[in-house]
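Input: structures, listed below.
Okay, so subunit A shows up in both of these, paired with subunit B first and subunit C after.
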Partner chain A sequence: MTTYFLQRFLLMIPTFIGITFLCFTVTRFVPGGPVEQAVLRYQQLQALTGEGGAGDAGGSSATDGGPVISEETMQKLRAIYGFDKPFYLAYLSWLGRVVQLDLGTSDTFARPVWDVIRDSLPVSLWFGLTGFILSYTICIPLGVWKAVKHGSAFDTATSVLVFIAYSIPGWSAGILLLLLFGGGSFWSVFPLGGVSSAQIGPDSYLAGFLLEGARVEDIPDDERAKHPQLRPGQFINSRHPAFAAVPPAKRQRLTRGSSDDLSWFGQVLDRIWHMILPVFCYVLGMFASKTVLMKNSLMENLGQDYVRTAFAKGLSERTVIFKHALRNSLIPIATGLGHMLSLVLAGSYLIEKVFNIHGFGYLGYTALVARDYPVTLGILVIASSLKLLGNIFADMLYCAIDPRIRFS
Partner chain B sequence: MTHLSRLLAWVRTLPPYLGFFALLVAARWWLVPASGLAARVGPAGSGEAALVTWALAVAVAGVGAWWVLPLAGSVYDAFALFLGSPLFQRRWRKFTTLRRGYYSFLIILGLYVASFGAEFLINERAIAVRYQGKWHFTLFSFARARDFGMTGYGMPNYRRLRELYQQQARERAARLAAGTATEQDRRYREEWGDDLVILPLYPYGPIESLLHELPGRPPHPPTWLSSAWRLCYWDEGWFELPATPPADLLAQRPGWRQLEPLQVYKAMALEGLLPLKPGITPPRPFQHLLGTDDRGRDVFARMVYGFRISLTFALVVTFICYALGITIGALLGYYGGTFDIILQRFVEIWSAMPFLYTVMIISSIMVPSFTLLALILCLFGWMGMTYYIRAEFLREKARDYVAAARAIGCTDGAIIFRHILPNALTPVISYAPFAIVGNIGALVSLDFLGFGLPAPTPSWGELFGQGLANLSKPWLGLSPMVALFGTLLLVSFIGEAIREAFDPKEYSRLR
Partner chain C sequence: MPDDLLRVTDLKTWFRTEAGLARAVDGVDFTIREREVLGLVGESGSGKSVTALSILQLIPDPPGRIVDGQIFFGGEDLLEGYRRGSYERIRQIRGNQISMIFQEPMTSLNPVFPIGDQVAEAIMLHQRLSRPAALDRAAEMLDLVGIPAARQRLFDYPHQFSGGMRQRVMIAMALACQPALLIADEPTTALDVTIQAQILELMLAAKEKSGRAAILLITHDLAVVAETCQRVAVMYCGRIQEIGDTRTIFTAPGHPYTRGLLRSLPRRGQKVRRLPTIEGTVPSLFELPAGCSFSTRCPERLDQCSTLPPPLIETVPGHLVRCHLARPAASSTPDRASHRPPQPTQSATTPPCQGQL
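Take a look at the complex of A and B:
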């Protein structure tokens, strides 16, 4: 068994290399890469400042749409973006750096890719995990109940529900929900997206949870000198270190602000308020398959001989179903936990785009649109290693839960 | 039916090099240019592009004539055996008794077949034009506006052309009645008959912009939604405002008395109590059933053409994926051994790719055409079927009939395609609808993200994106939502019924 999993771990390496090599090569061989974009930016800048405009530079540059860039500059540009080497050497050096956990520097954010990804991961995890846990807590009881009541009106009715859920991709349900509840044309119940409120006005649902605060002008001068970033006309909330110095008579309840100005409970409410629609979409995406899997798995077990034996020896229906059959039928559901991480992260490009949640998937999307290859490849590295690890983890879970399974 | 199969049998007696030349022609002048691959190497007409085009065409034709066509023939035989078997007939009869799935099948099939006639029903081009006694069939051929007596260059606007002809006919009738008819008018009456434009039922196309014909800015609401249109006219300032709010109206509506005059005018306008300024003609109530999108293109036409493209795309991708999956799965299952182990690892590696993200990377970089996008999706989608076919082959090849076939000296190919494959096709049939659902969803998501089909192609995903960007214009989001939901629901009903008929699982009931 150990050797089997060792083999699997070793097999991850060629897989990983294959995936990254394919995508790396593709990014190398197509026009419109970072070097071309840099050249374009340079030319636009030149055209704007009026130096060496197309008019006096002659016919050849006019067809290029801008001033000619010397071969030296091109070489330097290529070296900056790592395009000066042939693709296999570039790939090898890139892979060498990845092994040392160095994903390079983002072209658009001008920060290490690793930092950019680390900022976005918690957001995705937060949404994905909530959706994942919620879908399990809904689908397992529902599947069990459907199996127990197989063929009843309840089973038929929920089957229709399952079909409807299967036919609506989660992200398109998100668009529908935003249309209905986002305040565009029908009801204004939920926010349009994001993770927390950027603006809370006096008529907002959360206005009652705003903290006490004070105007910047009311802060004593000696205290205000310590915080040069405060501008007159701004408000500070009671969490600000300068707030303690404000005389109590000048303190007032804030009437508008952002989610930072909310009390602790208000921030939680704000977070939940923003999470309801996206999490609903996550749940919808998993709802149909999980429910049907649970139902079929329990039905399969209920037909087994050991269930008949348990009934025959006079055990109650409750004991047979919940103590004997359910335990065994949870096995395929439990192995799904292994794919959790990659599903949570990889399945969310669309939902994060719809709800404007700046998470992992959204980062991948924006990096692709901006042709930010270091970030694109960094996300690919993380997504594919999570998927590979998840596959192995699922098999390990399978072994741990079900002693009948033997891999070799 | 027998004629068709006899024709097919005759075609298959032809030598393979004929197929090679036919494929070469098709690949050189259609398939390779359509994929746009050569254009990436050099500009059209350059030496590199021509070389790449020819090389790809020869490769495609060679592989096609000596590998794909014989394979397709064998698979066709296998399917013919499978579909002709009494077992299949019985299962099909069971399928037709499952009403929900069967009717869904008929509806989808009917809509899909009908969508191929969409050009005759929903199109900005006229079906036929009779100008000075001569008929022109303009649906698929380009005609200049000047050929039909219009001024200007390019394609005529056939809706305007019809109005023009009607107006000319009225003028001519007036001239004839007044006795001032010209020579041409007499020829019209005696020889040519009045000029005619036969328009399709819904004379608006999916790509044509209607900015110049509709008042206001796009996206326009559905034309039957008069309240939304009144708001548009109000925003444009196209209502004729009275000098003061009418007193009798204010007496009727006590709530309006506190309002400013402008607000009273707005309320009156939204209730339809104000006339439009002269010269502004509102559209007819059923002119644009679902309004227009943000570039002024008719949404209903785009939905219909989008349905055809989505379903065709899903069918093509599913077909190619299954063809690859069946071939590879059959080889893996039949030969087994080292070959199986090595290729299994390869399949494992390939299916561990983050599918959507990889497709996004490739198609963001290569701006795909229909063919290229289908190829990319096939590249990452064929693995699923190999598992099932491999398992079926592993089970079937241990059966006695395979041993018997081998004993009488059948070749491996004959055993695989004539003997085992017809017995291994059940999972293909029962998983296909769900694969189609998945592929429609994949295309729509890619289009939504902007990595799908290139820009003017009518697509549902692009409309979803517009709907998200214009949440106050609900027809943009709701139309593709309803269409996608309806299509996927029908296809999954078909899938459920097929599974029930082909792969019945008898569960024991508790009571």
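Take a look at the complex of A and C:
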């Protein structure tokens, strides 16, 4: 069995090369890549400055096709973006750097790709995992209950819900929810997006959780000199190191601020408040198919001979269902856990866009639109590695749960 | 009768299906005496298994439902709770006083639990033993049914056992609580012929050693019945057509269906090109004839057979036949013979019943 999994790990390498080579090659040949975009920006800039200076130059440099870029400049541009070599050589050098865990530098952020991704990953994991765990905690009891009560009014009613949830993509439900519950067109209950509140006014739900604070003007001068970044008219909260120096009489409860000005409990509430709609969308996308899978799996197992054997032993219906049948029907559900990470990350592109959550999916989306190939490929590297590892992990789970399965 | 262990009267188990109402068991009466082996024979779909499952109330509901009848076990009607929708009492009896072995050893054990736990489960439940004590008892039982190195194998999973070994595990599980009645629903059908005899012998021996249970043996193998059963009940279309002691059934069958079954058996030293068969096919459960259910195929049919359901008639003390041709007690033999039209196959093969005439 160890040999088997060792083989699987080794097989990851050619698969990984296949995936990345294909995608890398595509990036080399699609029109509208970073070089063309740089040329376009250059031409637009030239056209603007050329118009501005048209009176002096008399239109001498302007031609019908816009300003001409010298072949020398083009070569430089190609070299900057790594388009100066044939695609296979470029791929090899890219792969060589990836093996050394160097994903290059982002074209749009001008920072290492690792740093850009590292900033965005926790947000996505936080939202995705919450949605994932929540969808499992809903789908397993619901599926079990539907199987036990098969054919009842409860089963039919929840089936309708499941069908609706299954047919609405999470992100489009997100748009609908934002329209209904965010922004104020109908009911202004939830924020429009983001992870935490940037502005909390006196009429906000969270106003009661604002900390004590003080005006910058009320800070004693010697203390204020230590914090040159503070401007008159600003407020500081009780977490600020200068707050201790403020005389108690001058302290007051803040009436407006951002999530930084909330108490610890208020910050948690603020996070949750921002999470409800997006997490609902994640759950919507995931729970429907799992509920049906859970129900069908349990129904199938309840019809098995060993269930009859268990009943014939005198066990209660409860023990038969929850011990004998459930253990077997959880096998297909539990193996889905293997794909947890890749699912969480892959399923987030559009939901993160809709709710303006700056996570992994949002990064991938903007990188694609901006043709930021180093980031796009970096995301591909991480997503495909997680997917491949997830496959193996799922097989390991199979082995752990089902004693019949032994790989060799 | 004081030595009756189980008495089933007028049992009716019907299935509501999309095609209509299937009267799988439609008025079954029989008794099982203490420590006897009663064979229940009949072809597929005759209601043998449904009868057995009805005793333990294991009929899947829906679509099945025991609609009428009584099942007396130790003076108590087991169906009393069933009619109220309460399974409390039958759960104390299942696996404890009445246990069951199923046809499919390959799928009758839960694939994800070690067999030791599965055997011990009933012991822990009914005898209130701790898990280690129950596992000890399970190992004893597995040893009794001839599983080598039983103690080590407690922790093996069902897929690590062959079909015959799994059926041994099932037998160990069924006998673990020393039941008064063991229902064996075609316990050897799914096994190799070489294993079949072993399993049957083992079942009988294990029953003797572990507390002398009575056995209801369901089978369609008449050879098995002849070897192991003291009495036999023959089922056809959801009814018992004939019940009596094995010797009488094999030597002087009272029902034309039983005679047909016995005639279709191959015999040693006899050369026939084709074995005789019973003409026609089993009627659909949805369209049973109004009278005798065998009337559509019976070679000895009378006019009244297709309209009037025949009663159970005691032809010999303890031997009941559901046939218009049957005559009570002493007068039965000549009467039946006079009604039987001469059959070409009969004269050629000499049916065993004629040896009695």
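The working rule: the second predicted complex is superposed on the first by the 384 of 408 C-alpha atoms of A that agree within 3 Å, B and C clash if a C-alpha of one lies under 4 Å from a C-alpha of the other, contacts with A are read in each partner's own complex, and residues count from 1 in each chain.
Everything below uses one rule, namely that a contact is a pair of C-beta atoms (placed from the backbone, for glycine too) under 8 Å apart; a residue touches a chain by one contact, two chains touch by 3 or more.
Just so it is clear, the model here is predicted, and its values are computed rather than measured.
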Notebook entry, point to check: Touch check for A:Leu11: first (subunit B), second (subunit C), both, or neither?
Noted result: first
Notebook entry, point to check: Which of the two, subunit B or subunit C, is in touch with more residues of subunit A?
Noted result: B
Next item on the list: Using the superposition on chain A described above, determine whether A:Lys313 touches subunit B (first), subunit C (second), both, or neither.
Entry: second
Next item on the list: Check whether A:Asp305 is in contact with subunit B, with subunit C, with both or with neither, and answer first, second, both or neither.
Entry: second
Notebook entry, point to check: Is A:Asp402 contacted by the first partner subunit B, the second partner subunit C, both or neither?
Noted result: second
Margin query: Which partner chains sit in contact with A:Asn328 here, subunit B, subunit C, both or neither? Use first/second/both/neither.
Written below: second
Notebook entry, point to check: Once the two structures are fitted together, what part of subunit A is touched by subunit B and by subunit C alike?
Noted result: 317
Item checked: Residues on subunit C engaged by subunit A in the complex (per definition of touch) -> 56, 58, 87, 91-96, 99-100, 102, 104, 107-113, 121-122, 125-126, 157, 159, 170, 173
Next item on the list: Mind listing the subunit B positions that touch subunit A in their complex?
Entry: 40, 345, 348-350, 352-354, 356-358, 360-362, 364-366, 437, 441, 444-445, 448-451, 464, 467-468, 470-474, 477-478, 480-481, 484-485, 488-489, 492-493, 496, 505, 507-510
Check: How about subunit A: which of its residues touch subunit C in the complex?
Finding: 304-306, 308-317, 324, 327-328, 331, 401-404
Notebook entry, point to check: Which residues of subunit A touch subunit B in the complex?
Noted result: 11, 14-15, 18-19, 22-23, 26-27, 30-32, 148, 150-151, 163-164, 166-169, 171-172, 175-176, 178-179, 182-186, 192, 296, 299-300, 302-303, 317, 342, 346, 349-350, 353-354, 364-365, 368-369, 371, 376, 379-380, 383-384, 387-388, 391
